[in-house]
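Below, chain A partners chain B and then partners chain C, in two separate complexes.
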Partner chain A sequence: MAGAAEEAQLNRLESQVDSGGGGAWEYLCLVRKLKARRSEKVLKHGLSILNDAKDRSKLGGEEWTLYEQVAIAAMDCQRLDVAKDCIATLSKKFTGSLRVGRLEAMLLEAKGAWADAEKAYACLLEDNPLDQLIHKRKVAMAKAQGNISAAVDFLNKYLEIFMADHDAWRELAEIYVSLQMYKQAAFCYEELILSQPTVPFYHLAYAEVLYSMGGLENLQAAKKYYCATVNLTGGKNTRALYGVCLCSVAINQLIKGRNKEEKESSELQSLAAEALLQDYKHRAPGKLPLLTTMLKNMKLIS
Partner chain B sequence: MAEDLVLDTAIRDWVLIPLSAVMVLIGILRYFVAKLMRSFQSPDPKVLKEGQVLLRARNLKAGANFIPAKSFRARRFYFTNEENGLLHVPKEQAQNAQAQMFSDPNMAMDMMKKNLSMIIPQTLTFAWVNFFFSGFVAAKIPFPLTQRFRSMLQNGIDLSTVDVSYVSSRSWYFLNLFGLRGLFSLILGEENAQDDTQKMMQMSGFGFDASKSLSAEKDSLDIIQHEWVLPKMEQRAEEMLRKLVK
Partner chain C sequence: MGAECRYEVAQPAYIKLVLHALKHRCYPVGGLLVGRLSDADASTVQIADAIPLTHSQIGLLPSLELALIQVEEHFGAEGLSVVGYYHANERYDDAELGNAAKKIGDHIFRYFPRAALLLLENKRLEELLKGKGRGLAVQLYTRDSSKSWRQAGSDDSSQLLTIKEPSANIVLLDYITSEKWQDVVDFDDHLDDISKDWLNPDLFK
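Let's turn to the complex of A and B:
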């Protein structure tokens, strides 16, 4: 995940290269390092370097990495002819290599020939049973074919071995949420929070899953995690503020009957509501009346 | 015993500097030879899985207070329970690991190569130093030492009245051996430092590491007291919002 500073640099380089200034190679290197997905730009600028024989020879050993990068970008933009050319050049230079084999299988995938691609991946896996990228491609393929349960299976098997790969946990959590298997999704988000407790996004997602599951305990936990997100983002995250309000309303409804020993600090709700109002005043004043009526109905503001 | 010996500057020019230069060059040579000789070791699934389990257990330790108590306990049980917990290593397996180490031809070859690449240059350089650079005082150590160091640091100097601070070139060799690690990491890039001291320590702890670190992780997980930090978050969020709204 690119940090803000690096993304800014990336955008700057991109605009520089687009407007005709030099620096295409640095741009491509930065994209590769940050694993950003800017396939069209990569394709355009990468091709311009590769087609110019002088530029290409200047790269020396790095030109093969560039071929790989352009091949993947071409597949992403459905320019399969370009991809095939790049892969052909690469396989002439590095016959029988795992990386080139992977690219060829990806090309089959891009063409939509699922069965062939599966066979190719199975073949590659026999020689290298521990290659992470191949496993991930299998999951992606299953997902693309719409076979979500197979994707879940593959991901689970992958995670049994590579259990510290937090991107995989994230993918699994999103799949579970799409399948509405909230308990499993909650487990995945817990893993993510464990590995990176300072990323507010995971707290937010976990809170949302807990809120969706419902039940008093989950709602109270959800409220706490929304608060954590508010903390981590300095109160700027609108969704977390909404979450706090809605959780408080839901909790109050649930404990309406019982005696209010747990009179939660109602300050928190009204404060969150206030913060929301301020936010909307600054950024979307047109929607302010909607918000005010809603909050009044929820009895969060007077 | 406080006479100050005046050492010839020629010693500095012809002993200290060439010795350091030679050691740096030999280090660089070793690095390149090691790169050439490095055989591609296909990752062992068991070792890989253990590494990942360790990482996950460490994450659990670090972030334990951020997840609800129930989930933490469930995970801890998953890792440490006696029957099939991930971190639990039965006794026999631990013994087997070492036996396997010696019988596995690949690993033995690898270890031999690593040891050779370290021992031979060291031995040769040491012999060379002893042959050419012995029998005279090479340098003066700036701090005083006890008499016990005399045999170690003054091997070629057969006078027992010379202050122990005046050492022979053998000690300069050892100083360089341990001290050039920083220089190598500058020249050769971070991971490739010719870290002799670390390798020497590794030689004695033969890769039993896996089961030992697993049980270490298990013990540290067992003693964690879970304290859910989230309730405090509510109060903090309240204060923060209060400040924001004012």
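Let's turn to the complex of A and C:
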């Protein structure tokens, strides 16, 4: 999961390599590190290194990692011929390896040969019952075949064993959101916030789910988590600032006519509105009138 | 009502929504449709433009609400309002209109009773890319009296969804070849970086 700064660095490297400025290996390493999905670029630049014997030998032992990375990128781009070649090369060097076996099974997946892929994974699992990547491939296969309930099932069983896998919790949360199962998604984000309380993304995602659930308690909680995000991101996160505004408006609508004491203090939302206005003034002046009208209609600014 | 309602989609709207889907092949995408009732013929809805919304967080409300407010505000000045929603599924084989899209459609229907849902037809798009097939790469859905969304005009003869420009698909293919989809900005992108404009003013220049 890449933050904004890392994403920017990746994009910079990508344009550099694309325009012939070199740095392909650095780019490929960063893609691997950030687990970004840039398969077309990886395929293009990875292949150009692999096809050049001099470049290849410069990599030393890392050559095999590149073969693996290119094989997966090739499968993503449906260049199964390239994938097959890379896997064959790896297979010759590392006969009987689990890692290569996984790639071979992934190739079956890419071909759409689900039954064969399942068999291959089952075989690998016999000797390696706790291999996380294989378990996750099962989830991926279920999802790819449109069997979302099976994917959810597998993922839940996976998390019972590997409960520290943040990516898995996140994947499960996103699947729940796509099914509008907000309560279950909220639970996943709660787990993530508990284990990594300083990651702003989880607070933000949690707030968005709470807001979508609606109801006074959820909106009040959502506002708190939007605020936490604002805190953790130094007030730079646009969604969080907007979120504070949206929550305030929604909450005030729900408690209209109630005791005046319960009314939300307007300082927080005015500050958020002000921060948005300042940001738009500097970075998106064309949209400033639109934003101003919107905030005025929401009674967040005068 | 809605049985004889026709929808005429403008070329920029059609092309934009397809490009949006192509930019994010691994994700579901969605966007708003803006338009108005035709002056000439009150049973026709003109879909003038498409505003790309999101590529991933389809089920969440905050950005949808923000977009609806800002889109209505911006296009209200031109006499246009939100008339529908377009959607493209995550998976190639998935030709079903999912619940998330229907819910958004229901919401829009409350404000515009002739709301349309357009679902990208992956297989038809693929045929177009191969140079075969004709017609638009989207399927129209409208709400019937039992409040459910049904495919409308599934046979070409009824022509409930049309496009004025006959060469729209040719222009589309042109843009696809030049990878124009890279330049599409959606509301999600805007929220990540407000200097990006979800109106895509320079897209077709």
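The definition used in the following text is that the second predicted complex is superposed on the first by the 234 of 302 C-alpha atoms of A that agree within 3 Å, B and C clash if a C-alpha of one lies under 4 Å from a C-alpha of the other, contacts with A are read in each partner's own complex, and residues count from 1 in each chain.
Note that in this section a contact is a pair of C-beta atoms (placed from the backbone, for glycine too) under 8 Å apart; a residue touches a chain by one contact, two chains touch by 3 or more.
None of the values given here were measured: they were computed from a predicted structure.
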item	value
Superposed partners chain B and chain C on chain A - clash or fit	fit
First (chain B), second (chain C), both or neither touched by A:Lys223	first
Partner chain(s) touched by A:Glu208 [first = chain B, second = chain C, both, neither]	second
Chain B versus chain C as contact partner of A:Val244, first or second or both or neither	first
First (chain B), second (chain C), both or neither touched by A:Glu274	first
First, second, both or neither for A:Met294, with chain B first and chain C second	second
Chain B versus chain C as contact partner of A:Val177, first or second or both or neither	second
Which of chain B and chain C A:Ala4 touches, first, second, both or neither	second
First, second, both or neither for A:Gln253, with chain B first and chain C second	neither
Minimum distance between Cα atoms of chain B and chain C in the superposition (Å)	17
Chain A residues contacted in one complex by chain B, in the other by chain C	none
Chain A-touching residues of chain B, taken from the complex the two chains share	42-43, 45, 48-49, 52-53, 55-56, 59-60, 62-64, 66-68, 71, 230-231, 233-238, 240-242, 244-245
Of chain A, residues touching chain B in the complex	128-130, 160-165, 187, 190-191, 193-195, 197, 221, 223-225, 227-228, 230-231, 234-235, 244, 265, 267-268, 271-272, 274-275, 278
Footprint of chain A on chain C - complex, ascending	26, 28, 56-63, 65-66, 69-70, 73-74, 91, 93-94, 99-100, 103, 191-192, 194-195, 197
Residues of chain A defined as touching chain C within the complex	4, 37, 144, 146, 174, 177-180, 182, 208-209, 211-212, 214, 238-239, 242-243, 246, 279-280, 283-284, 286-287, 290-291, 293-294, 297
